[in-house]
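Down below is the structure, laid out as structure tokens.
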Amino acid sequence: MSEIENKAEHGSMDGAGECAAGDPKDDKGLGLGVIFFMVAFLVCFLSGWLLFPKLLYSKHEQPFNFDHELHTAEAGDCESCHFLREDGTWSGIPNLASCMECHTDEPMGETEDEAIFCEEYVAKEKEVPWFVYSKQPDCVFFSHAAHINGENAAGKMDCKTCHGPIGESTSSRPYEENRITGYSRDIWGKNIWGFKKHSWDRMKMDDCANCHVEMDGHKGYCFQCHK
Amino acid sequence: MDSALIPEGAKRCAFPKFMIGMAVVGAVLLWGVYAMFLCWFKGLNQTNMNDYYGFALWIWADLAVIAIGGGAFFTGLLKYIFKIDELKNIINFAVIIGFICYSSALLILAIDIGQPLRGWFIFWHANVHSMLTEVAFCLSCYFAVLTIEFIPNILENRQLNKVPFFHHLAHNMHGVMAIFAATGAFLSFFHQGSLGGVAGVMFGRPFAVREGLLIWPWTFFLFTWSAAAFGPCFTLLVTKITEAITGKKLVGDKTIHLLAKIAGWMITTYMVAKIIDTIYWATVTAPSLGFSLSHFYTNNAFYGYWILIAEILVCGVLPGILLIMKSTRENPTTRLVAIILATIGVCLNRWVMVLQIMAVPVMSFDTWALYIPSWQEVATTILPVAYGIMLIAVAYRYLPVFPQELELNKSAKAAE
Amino acid sequence: MKIDRRSFLGLGLGAAAGIAVSPVGVKLTDDSSIWTQNWPWTPVPEDGEITYDPSVCSLCPGSCGISVRKIKGRPVKIEGADGYPVNNGGACLHGIAGLQYLYDPSRVKTPMRKNGNRFEAISWEEAISIVAGKLADIRTDGAPETLGVITGSAAGSMPALFKRFLDAFGSPNAYEMPSLEGNLQLTAATLHGAGNTIGFDLENSDFVLSFGAGIIEGWGSPVACFKANASRKERHAKLYQIEPRLSNTAAGADKWIPINPGTEADLALGLCAVLLSKNLFTQGNFTGGFQKFTAVIQKEYSPTRVEASTGIPAADIEALAVAFAKAKAPVAVPGKGRGDHGQNLKEFAAVQTLNALAGRLNQEGGAFVMAQPEYLSFPEAAMDEIAEAGAGKEKIAGSVNKLIEDINGSDKPLLNALFVHNANPCYTLKNTQRVKDAFKKVPFVVSFSSFMDETAMEADVILPASTFLERTEDVPAGAGLPKSVIGLATPQVDPVFNTKNPGDALIQVAQAMGGTIAESFEWETYDECLEAVAADIWDSLSEEGSVVVAEGVPEGTPAVDVSYLAANPTSVEMKGEGDFTLVAIDNMRLTGTIPAASPFAIKTVSDKVLSGTQTVVEINPASAKGLKDGGEAIIATEQGEAKVKVNLNEGIMPGVIGMVKGLGHTFDNPYVAGKGVNVNDLIGPVIEPGSGLDAAFGIKATLKKA
Amino acid sequence: MIQHENAHKFGMVVDLDKCTGCGSCMVSCMAENNVPFKEDETRKKDSITWMRVYKLTNGKPFPETEVVYMPRPCQHCSGLGDHGHSPCVSVCPATATDYGYDTGIVSQIYTRCFGCRYCMGACPYHARYFNWWDPKWPEGQENYLSPNVSPRMRGVVEKCSFCYHRYQLAREKGYMEEREIEENEYQTACTTACPAGAITFGDLNNPEHEVTKIVKPDPHPDPMNKNVVGKSRNPKVFRLLERLGTNTKVYYMSEREWVRKAGDNYLDGEWDKRKNHHGSSSDHG
């Protein structure tokens, strides 16, 4: 037996002695400690799960409500407003000019949203500062053309797969932005752990990769989607 | 005033004296910390690195501390696996030195990368082909192992040990230490090796590239071997220094001689391998790529042939011989010379395998690139040294690091 | 109930454990790294629809067609325009970097007035009225001829508009900065009669004999020259470069013939002499005493004599002359470097005469004698009697350099007011101090500069000009081209700052002055003016973006008047003393004139040319005398001295120091100014008798270790 | 790694006899790719130039001196034996750079890179640059930045991408018109800018493309060095450091022997032996 261990034994003896002396107080202290532990644990655990996600994201209302359902009924399918330009690049959210192909500064309907649109933007020829739910960071190059005009099945996807049933929405939900990263919450997904039920619940690189693996058996090379 | 914490029966200097020492070293430490924050907040433009010197002083320091920290795993291996029980007298200290070296290595890495907050990508988005990935994984795992190996020693602190739980924990950990020692040895083999691989796989750099076995270039094995060989020398050196400072004999000669002897044979065998490797590289590998040896050593005074001679003969073969010959090994002076040379030798080897690689031009119309580190680089490189000194001081003062301390200094006690 | 250590321990541990099993840790780790990927201080360029718009670059006389790529109307890249008659696709680095000039830190952002020695911003109205007021005073004093104008070139509607202003105002004092085009016109006037210019059909010549012309260093229309030069490989055409220094042109040439600096004219005449004596020349219609010419040349420029001055062996000279005469389509090209500054008429005339003797005038692959493009027709300028009187007066000097000399020379102010447009004489002309002194002697200087450059800083009022990307302008294509092309620069973006097209500024000044001057400028805007005066070609110009007004080999063999050379004009001598000859080098990556090189261009400059803030000079190791490569040295001439670094370079004649043009700017732009020395501070002008050109190709200098 | 039956292999050949060293390629690259600039760019060892033009001399004294300019973009190595393990890709610990087996282009992803700079050490061409500073543009100048290439942040490595974004845009048009893209639709910024037309860019796997016609790459490993694949069968064409087996996709062409020799390293007298061999091997090319 090495000398350390000898000493150790010895040390523990008087340690035990002390314990014996102060048993009652110690127990209470320990008990109290346990209670404190439980309380602290519960508080932090719950706030981590419930409060933190709320604090992490800031909410922004869109400049005014947009009724997709109405517009699809009036103007036709998604492509009639969100289209590929002649050079194959994606037009994204329509600019004021394309809205004014139908709209004038005279409202067509009675909704106050349209009124706002006509007065604040059409009349003043100001672009609408929409928040883009599906906005990807600058490092991403996403080719809509490849996904809707591509060769195989993979190249003929419908909007819903990634964007969800937004075409059926009658009002604009608030845009949530991650305070740290500036990302739209739609990228990481509603669920704080990033779990998803539908294909459109999340728009992270992994989601692209998974689909690519399914479709062409390979998640592709970096430059395919990065710039 | 802190006597309650000092191991029973052990004599330590007065607390104020101790604190003054700590303050002095602490000042150096703070200087390093300041430089560290400069690098983190202002970026690596604080260094003198450039696009030719992507790897520089820091990476050298990294490789060096990990090499000389190799004493921990090797001594552990000998003590727990090969059951050379004599080494129990130095194993604690070897572990502490290893712990210091590896924590320093990790710290330096954290400063060295351009995007510290993305550091974890190396694990999350690991590229299995990269030697650096292998390094990162093994390094951090082995650091965990070292921590575990260090814990029982901490728990043996007089006060902690009074807590029955801690006491038994320490006791049982001693028991299972063999498993950790084995794991440690295994991990070390790979990260020491892959650090060597880092250079060896650069097939765009004729000064570094080596052929090898499967995916591992010869430098992989050379680095592992050299770490095992020179690591213990550093352990011995630090022990010697600690003894000098404390004015006490802390480890018995028997143990010292044994470890020195083992180191000696390791060094000698390593040098044989290293010399074969160098000759093969100089006469086969490099020429096959259009480079003669003179290309690497004759452009400037700093990277001249002297560096090759110094590394291989003066700081390699010589200490090896000094340590295998009984007479010189057991003569304190020659032994000291040997372990100092050996420590220099392995650091020199790491220097060459990092900085000279960057200095040598590869394109026929390219130029040599020399570099002088900025003060921020120097300060952050000295930081770990200061931190090491402080940790050793604290450990020595409050932990029963040297089992033989009491017995070896009985005579002194009696004299009082 | 007592709260002790253990309670706090519990609290801490509990909190830690609670956080640990919540998403906080993971999310924060991930988000913090994503934060580093989108740092708010790293710009994110806005995306949008991509469009391409054509225009013309007027940064240099090259006048290349450009295509401006825009995102949502925001220019992001300039590229060469495919199919443009001058450059067809390619572009030079300065044009490609053109967008940097839009947002240049040294832009003049609004009209300025000098108050004491600092500028203060004023409104356009105020600026215009100040200028108009001053000028009115000058006229009431009855000295309209004391208004002068310095423009960058004589070509195009803008200089014409300034000239017209002088006419209406009543002054003959219009001056242009030295330029290759100017030198060629002067040469043509001397040999072939006024109104002509000379073009060189490089792309069809099989033997280009270049007298130091930087064919791939910015001579003439750079990109056109690059293309012609590149095509040599397929055409198996030869290029011989005669130059004291291994320039890039010399490096790319089939043969580099080192020659003593400034003796190119001697060699050209020497070659003429050989052709004459060997009877290898073609009988063209030579006038002005061909016999006398023959006699003089053969006597004064015999190979042996020329060997003495040029340092080229007589045998080589004869061989060269024979090779030149025997080639299928040879052409000799004058104009050292960019052919603008430090040139002499003697050399230009001699080289063109060599072409004539070799029968290369108006031959494919030869030298074209072309009429200067006449596409602008201004209505007669209205002139009152003050104007009539002033216009009758004698022009002060024959050239801008002489003008500066005269102003400094006279004790009373020769000019009461001076307009400077598209020029930076206080940087570009030799002995810049002398130029600044002259400017100080002019009571009222108006600058039309886009940038707060060395000359603008000398001005009393600045009417800031929009850059070539912000304004309309007709751009006649570059000097030395074998065809004449007119391009149209159009605004690619609204003026970034409160600037105007100089044409508009001038029109407003004229209208503010009223009377006949206003009558002479009865246009609302410059654009309207241009459309009117360029009416003949306007339709195609505005639709195509360019019009080719002359192309192909001109008809007939032009007369060659050899009287100028027959009189054997004296060659200019180098000033100063010292055992070195300092010569100024044109470097493609820098600009010797305006505007200064862009940050991108400066970034490409070799560290063997600029090191930190020091100019690096080239000398041959043979004449290094203890100077080390990369070491510091003091270069001294009679004009001044400067601290430089030394680059030991085998590609330069022993005894010659090469120093690059285009460095040493002193205005406020940390990316391009405050770097190196301006070679014009070290070299003084030498006016060539007769031509009035500043012919100083270099100066004697000493170089000592610092 | 997946096999693409119709994979491209983009590469270029630079005619050094035509290159004038004018610098258009460098600036076009900077403007195209949002490359930042500093006040002092004369320290070339920390000056970001994806395309750098080197000046080579034959080392002879006046007046025999000769000079040639060599533009050096990223060489887009396909690595030993052409397997796609380029010197940099194989060492990147975080997969921030990969080899596109479908294009042969070596990527660099700035948001993945954490700045260890191992790739820079591994690259013998110094084609990789580190962002030692935060990129800064004089006020207003960020207005000309292009959205097709994302600006880099401090602390990451960047390099030439063969203007991959131009390939992306060309393909978008291709998808739109449901066709393959043409040779001239994807050209790098340096290629289109070169006033001398010294650079030819295209698909080395496509025999129709000009670059392939000039280079005539040998698909079989070099009998003298199995690591070398794609050696040119044109005796005037060479690659930089070909002997290392990096298998670059940037080829150079010159009539001058000393220039071709400068492309690689040779022991004394070795060049003449190899030269002759090259000559013979070029016959069947």
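In this document, chain identifiers A, B, C and D correspond to the written order of the chains, with residue numbering beginning at 1 in each.
One rule holds in what follows: contacts are C-beta pairs under 8 Å (C-beta built on N, C-alpha and C of every residue); 3 or more make two chains touch, one makes a residue touch a chain.
Please read these numbers as outputs of a predicted model, since none were measured by experiment.
Peer 1: So which chain is farthest from chain C, going by the mean of the CA atoms in each chain?
Peer 2: Looking at centroid distances, B is the chain farthest away.
Peer 1: Which chain is the middle one, judged by CA centres?
Peer 2: D
Peer 1: Quick check: more C-beta contact pairs at B-D or at B-C?
Peer 2: Output for the comparison: B-D.
Peer 1: Calculate how many whole Å lie between the centre of chain B and the centre of chain D, each centre taken as the average of the chain's C-alpha atoms.
Peer 2: 40
Peer 1: Between chain B and chain C, what is the gap in Å from one C-alpha centre to the other?
Peer 2: Spacing between the chain centres: roughly 63 Å.
Peer 1: State, to the nearest whole Å, the distance from the C-alpha centre of chain A to the C-alpha centre of chain B.
Peer 2: Taking the average C-alpha coordinate of chain A and of chain B, the gap between them is 46 Å.
Peer 1: With chain centres taken as the means of their Cα atoms, state the distance from chain C to chain D in Å.
Peer 2: The separation of the two C-alpha centroids amounts to 33 Å.
Peer 1: Multi-chain contacts only, two chains or more: what residues does chain A have there?
Peer 2: 87, 89, 137-139
Peer 1: By the touch rule stated above, which residues of chain C touch at least two different other chains?
Peer 2: In chain C, the residues touching two or more other chains are 32, 35-37, 44-45, 50.
Peer 1: Give the residues of chain B that touch two or more other chains, as numbers and ranges in rising order.
Peer 2: Residue numbers touching two or more other chains: 115, 118, 121.
Peer 1: Within their complex, state which residues of chain C touch chain B.
Peer 2: Contacts found on chain C: 29, 32-33, 35-37.
Peer 1: Any idea which chain B residues touch chain D in the complex?
Peer 2: Chain B residues touching chain D: 43-45, 49-55, 112-116, 118-119, 121-122, 125-127, 129-133, 136, 198, 201-206, 287-292, 295, 357-358, 362-366, 369.
Peer 1: Give the list of chain B residues in touch with chain C in this complex.
Peer 2: For chain B paired with chain C, touching residues are 115, 117-118, 120-121.
Peer 1: For chain A, which residues count as touching chain C in their complex?
Peer 2: 25, 28-30, 32-49, 52-53, 56, 85, 87, 89, 91, 137-139, 178, 180-183, 192-193
Peer 1: Under the stated contact criterion, what part of chain D meets chain C in this complex?
Peer 2: The touching residues are 15, 17-18, 20-24, 26-28, 30-32, 34, 37, 39-44, 47, 49, 53, 55, 57, 60-63, 65-69, 110-111, 134-135, 137-147, 150-155, 169, 192-198.
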